[in-house]
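In what follows, subunit A forms one complex with subunit B and a second complex with subunit C.
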Partner chain A sequence: MRWTVLRRFAISCFVALLALPATARTRPHYGGTLRVEIEGEPWQRPRGLARRMVLDGLTTMNADGTARPALAVDWKSENDNHRWQFRLRPGVHFHDGSPLTSPSVVASLNAVCGTNCPWTAIHAVGSSVVFTSDSPMPNLPELLAADEYLVALTVASDGTTPAGVVGTGPFQVTGFMNGVLMLTANDSSWQGRPFADAVELHVHRSIRDQWLDLSIGRADLVEVPVEQLRQAQQQRLTVVASPPVTLLALSVTDSGALGNPKLRAAIALAVDRSALYNVIFQKQGEVTASLLPAALTGYSFFFPTERDLNKAHELRGGLTPPPLTLAAEGDPAMQLAAQRIALNLREAGFTVQVVNAGAAQHADLFLRRLPLESSQPQAALESMLRGAGLAAPVLEQTPAGLYRIERDSLESHTLIPLLDLPRAYAVGGRIRDLHLSPDGTPQLAAASLEDAP
Partner chain B sequence: MNLRQKLLLLLSLTVAAVVAAVAWTVLVRIRQVFEQRDQEETALFVSQFQREFQHRSAEVAAAVDRIAAGERVRSMAFEFVQSGDAAPYLTEAQTLAQEAQLDFLEIVGPDGNVVSSAQWPARFGYPEPAATATRTTFLKSEDLPDGTTALGLFAVRAVNRTESATEPAVHLIGGKRLDQTFLADLPVAPGMQICLYSDASPNPGQNSSASLTTAPPTSSTAAFDPKRLVGTGGAVVDAARYQSLIEAARETGQPSSGILYLTGRREDSVSATAIPLKSETEGVLAVLTVAISRSGMVAAQQHIRSIAYGVAAGGILLAILASLWIAARVSRPIEQLALAAEQVAAGNWETRVPERGHDEVSVLARSFNHMTGQLASQRDRLVQSERVAAWRELARRLAHELKNPLFPLQLTVENLVRARELPAAEFDEVFRESTQTLGMEIANLKTIIARFSDFSRMPKPQLERIDARDLVERVRSLYEGSASVAGQEEANIRFEVEVSSEPMPLSADSELLHRALSNLVLNAMDAMPKGGTLTLSAKPHGDQVELRVADTGEGLTPEECERLFTPYYTTKQHGTGLGLAIVQSVVADHAGAIAVQSRPGGGAIFVITLPKAGEAAS
Partner chain C sequence: MKAKRLIWAIAMVASTLTEIAAPTPSQWEQPAANLAEQVAEILGPGQARLAIRNLSTVSTDEIPAIRRLLEQDLKTRGVLASDAEGANTVRVTLSENVRERLWVAEVVEGNETRVAMVRVEPGTAQQSQPKSGLALRKQVAITTNEAVLAALEIAGGLVTIQPEEIVIYGHAAEGWREQKRVGIGQKKPLPRDPRGIILPSANGSGFEVSVAGMVCSGSYLPAQPAGDWTVLCCESDDPWTIVQPPVAQTGSATQGTATQMDVSVTPMKAFYNAARNYFTGVVNFSLGVDLPPFYSAAQIIRSASSAPLLIGGIDGKVQILEGSALKPVAGTRDWGSDFAALHSGCGAGMQIVVSGSGEAAGDSLRAYELPAQEAFPASASLAMDGTVTALWTAPDGNSVFAVVHGAADQYEVDRVTALCN
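And then the complex of A and B:
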């Protein structure tokens, strides 16, 4: 009996000893340098990869799309959502040591939002920031969680303009050399020190080089363009993809030849979304004709996505508009999509020439990506409308009301939704616990390294 | 123009015409030879280029063959047929084209739709008719995403799913662009320029209405656009000059050749050939121009022409010199003959011309000399005869003139002889009358002899500068008074003088002229026995002085006027017929002329015309 007990104890101890290393492997370790490679700019808006690491917003977003406190600890609305007061978190300091104050927040927000802001005026009132507007701002806490409204120091404590980007985020900028942005952990971050000691952000790396570096262990996180997501999977890369967070849409000018709404409607009907989805974007994301993805609203199917060339011809009514120009945002997939759309429109009787992105301001058509800034439908829709230049506060709270707003907004065919696209990254073997935020940005502050000391 | 000049001109023109004709013929022949050589050279280059073109076509076909034979394409074809999903192969054509160094590559599915396109990746899903091309290589105008079209050399190959499969899984349509880079790679001889005229638009927007399918463009109806002619260095400056050749090639579908003058200078010309490049459907998609500079040939031609012109000019110069010599040799005897004839005409009958050789001219010279000899001897005989006749006439006149006084002398002498028988008183009476008669007749004889003596002793005029007005005044003062003597018959003659006021200088012997004018005045007075008007006038007439003596007598018949100045002719009962002859002699000695104007009953006017004395004479 005693031997049995002893034997059982011994076995338990042995199992416990065996389990110890396993437990150690699952626990995140502090330390190490994360090597991240991107193709574009680190501070590019929206969703430049360095922005969320260095900067914080007044609010941040939960997985369910609701806003939770960040630099602001609480907020309240008054006067039927015409006035909002956000109380700042105490004890927060920028990376240069200067304290986070309501005037610095006001200055930061005024710097990034000159026009087309959700608010009319912003004031510092004690340790609070007060937003006022002529129209109600029911979605302001969710809107402030967007990448656009991250807070950066605009004036240092000594009155000078900071040389680099200075924020309150988990990482701070320590240098930029030979195409590498060096970020180090902010030990005094209000949300706690990140696991990694530093992040090396290699910029302007081609996708091919990024994948090569990942495969040979020189990178821990690289980008995967959505059109190459399938290829990355075929190459056995560990891919982390978000739900659809980007709307691919065609902006159509309502001036000149396209001042005729029937021509714009003909363009909307002539575009073959399925070809874009199936071939160019390799069946990633989903075809859509609505602003918000179906998963967010459930009414997306009310907006027809099928191509109707005959109807397009009918709407054109034999009119031969002058040659149109179509610009697209820079990357090759967008250029290819623009060429495809130009082909589609030629079939419908339009003459379209694809021009480079530099001529986007003067182009009749502009193929663009609109970020889905929130997983809360009202805030997402308002943000989307503002981003598309169709500014209108979304006051409706019901799906039916949101549908009406979308329908009314899209009725003029100045913005033609095409695809909802995800964001994706490929991660190396030593990176652990990497998750994407609701807007598709990797949460590097929460990630740790396998081989960290 | 004299004979020598005529001969010279004729010979020179003849030689020049011959030289020019020969030079022209030589130059034309040289040009023909050069042009023939130029055409042969052009044809050779064109032939070489066509072979190179075919070689390039073969290279394209080989590249497409290599792709089609590759494992990558075979596995792609297999997977594509299995899945029917074209999405994974969107960039496949670009990769394959890059590896094979092709400008164009399209992978076309069994349904004829594009699976992947290197040149226009967005064109997937659209039909590509060229997949069913029957030729292995062909030309095609390809639409590009930027709205332009490009011309390319294409080849099409079918790729089967497996070795045993009969139906092709995909077709590969690969090609190389026909542009200035392609032209630059072609072997080009020095002085050769290769250009390509394509209906494919090099600029965005120009072919905006281009079909998405690859039907051949309506090249035959498209207007010529100089900007579409490109060479290895880009746009061709003189593109418009190729228009006729290019349009001819486009319209006929056959090569067209010609010489193009790029500027106004001949050396800036090219021998150009336009070769139509046709699509599989025989439509002319482009025209390739091969232009070979003619500067070398033109320079050689100009060099030869310069030499020819020099030789011709030298030949003509030599011909002119030879013509001069020949003309002089031929014309000299004739000129001598002409000169001799002139001398003979002038009275020098002793003239002779040299007689050389035995040709016609020498015969003519001998005949001329013989003729002048004959003329001289005949003239001598005639002079002799005339001299005899003159002596006879003189004897007759002397006999006639002397016979008249002699008869009264004879009668008077006979009366004296008979009177010796009469009483002394009567004898004395007869003697006195007879001696008076004898004296008168003897005086008459003296007068006759003095006239003849004067005629024979006409002196040479002693010229001096006088004025005709003085001459007339002297005559007027001499005879006006005698005409107005009372009791004389001449008292019925009215004397009028009309003299111009301006000077009328003469170089003359005043005494001789005075005598001649006096003679005319006395004749006029004799012509008016019943009185009348005698008009003496003098006036300048150009460079001459005209003296007139007019009477209002009975006048003269035309026959009398003709013979009036003949020596010994007289209309008077007791005239010697020498007065007017003397007057004519005096006037002739003063280089003047005398004429008479008269009609019966209308009086007579004698007009003496004398040359004015010049400044030198003064």
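And then the complex of A and C:
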């Protein structure tokens, strides 16, 4: 009887609690300062976090991979995609107040793009920018959305070189002090003023310090290296992760001892992708042997990922090549992965020495991360091939055509795809509506703070 | 009797499930024919051993039907499916990527393998909606790649407000066709999520637009050779009309009449903060109480003498203004900050249609009734194909319009109406 009364009382309390006025979810609030911490450089290419906050491209990428107007409002191709004309958005100004003009866009793109551009020449024509090329550029609008083609002011209105990075983006640089890059909202942003008033970007913070700051409420957004994603989830951090946006691949020289294609094929067969996936990268991402992830193409099952040590031995044919050097990009996970690959290759009869990243240029093997710059397969493949030094315009538009290009590009085994990796961040309780771009960059201009005034 | 009911219920459930899960035969016919054609071109007439594996989200129940189609299509092109020893092997893989399905055939002839691929449009899932007192249904008015703040169907056309332009569409065989585009000409920068409203003009043949810092008026001039729209914009900080009587009450209705037309609805205007995304709380007449800054407002018609104002504050609190007192409303935990009144004629006659949290990729709308200070759901949630960015009552009061920003960065304007159960 007593329990029944107590239970009724408890239920009544619960019902009463439910009936109390609760706060509804609102539109995002304007104001407040977002505190972001990163381990590397804010302007590092590709995907330094400050880049897309301060700079805009001529186009930007839709979720479905198609190009969307940004600094260019429209574009048209002529002469069978050998010539493209991009008309600039009127009324856009750089953060220093100077207007965005076609000569300023041309100067910016010429400054960032050397000989490895998708175009041969670029000209300012009235309020348009014209790209021309000896070979067709069917994917140019999508390629121009990539991080490397963001537009920065190269010459200020008084003819001097700007002291810092000056763009047209939603935030502008206001200072750098004690390891903190200060960015403030650009009220005149052509995309609309961002919700946050400012962003404090703390640079060179170790992952451990970043997570500590997040846990005590001193940071709103911190990095989660892919190999620590599981640990972050175990620590109950709120993690936002992208689909695969980076290809982990092994570049193999085709000169010296490795000029023999059979040896390169033996290396490709000797690498144990499963061990990298399970041990080093803690089962994050996807094992792959294709350049583009399965989610983008649907045909990656054609490229076998299994290790075949017997066939590797067979292809080596008793040859004992001279000792090989293997370098890896900087961070600890990459170093561990390099050690693991060296072990795999030793099991196949190769002698491999892991050297530091500084020696990468002269190394026989180089473990690297290649960014997936687009979610449109043709543009993604073209930028991937350019990034890997296998430059070739991708003219094929059908899945079968793309498959043939991938197959032909990988046939020489100078690039061995290993894993597709996501990008991840942990967010604090103040931040809301944080979404990642198709390239995994957090869209901080569209994020807001719960406790903004 | 009970057993009969049970059998009938099972039959209904089974029929519904079958309806949802059943393959649409025509869905696979074209891709199967295309793939068979490519395979036949590679193989030429003869026999082939057909193997199918499924790496996609196509249900395994559908594989036999797909196999039958492929076998038939191959046969008509001279390739007979056979398990004979000497037959070439055709390995078909049903795969997919994020945008579409991909069917791949590997044709093995001796040591050589050749590949054929066809794209398959993704299927559309059928949505079922649980029954309740009222069911919301939506009808797409227009889909566009450009941001839409609000829209209005008027004079046989459709007018949309974009952040910097007003676009007028006319009827065409294939749907709406753009007729005219007029720059609004804002001189001040816009906020990140600009808002706007569009209302029919008093004579019913034009429209009035309010956006941050600007007002525009449009009028249709039938005297022109093919009829034409004139749109004029000017800077203005005048308040925006947030509550107005259904057009039928003013005698200029074009689309039927709402219920409870006998109730007087007082037009109300509120000042909008042009640099942000909310109304300041200052309105065009005294309410006897200061309103807090708010995102949304709607008038709830309960009776001829009672039409309180519902306010969605920027602090997330939903309050109701009755008499001269602001009172908190309970049961609004799942509400987003957009709501609009709907004169459905169902139940209490009118409901408030409310957006969901607005954060998830798939937002929703739900109708609520407010007999007093507590909101009660009056319908099931209606799933929307993205985030609801604007919601307003149609001029006739019988429906609401919603702007939905989809994941593919498309904007869709939906007319949402109610069906009484």
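Keep this in mind: the second predicted complex is superposed on the first by the 428 of 453 C-alpha atoms of A that agree within 3 Å, B and C clash if a C-alpha of one lies under 4 Å from a C-alpha of the other, contacts with A are read in each partner's own complex, and residues count from 1 in each chain.
The definition used in the following text is that a contact is a pair of C-beta atoms (placed from the backbone, for glycine too) under 8 Å apart; a residue touches a chain by one contact, two chains touch by 3 or more.
Only a predicted model underlies this, so the values are computations on that prediction, with no experimental measurement involved.
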Overlay on subunit A: subunit C relative to subunit B, clash or fit: fit
Touching partner for A:Arg346 - first (subunit B), second (subunit C), both, neither: first
Touching partner for A:Asn62 - first (subunit B), second (subunit C), both, neither: second
Partner chain(s) touched by A:Gly428 [first = subunit B, second = subunit C, both, neither]: neither
Which of subunit B and subunit C A:Ala275 touches, first, second, both or neither: first
Contacts of A:Gly167 with subunit B and subunit C, given as first, second, both or neither: neither
Partner, of subunit C and subunit B, that touches more residues belonging to subunit A: C
Touched partner set for A:Gly192, first subunit B, second subunit C, both or neither: second
Gap in Å between nearest CA atoms once subunit C and subunit B share a frame through chain A: 26
Subunit A partner contacts - residues on subunit C that touch it in the complex: 55, 93, 95-102, 104, 115-117, 119, 145, 163, 189-194, 275-278, 295, 312-318, 328-338, 357-359, 374, 407-409
Residue ranges of subunit A touching subunit B (in the complex, touch as defined): 230-231, 275, 278-280, 282-283, 323, 336-337, 339-340, 342-343, 346-347, 351, 353-354
Of subunit A, residues touching subunit C in the complex: 19-30, 62-65, 68, 170, 187-189, 191-195, 243, 294-299, 301-302, 375, 377, 398-400, 403, 432-433, 445-446
Complex interface listing, subunit B residues touching subunit A: 85-88, 90, 120-126, 145-147, 204-205, 208-209, 212
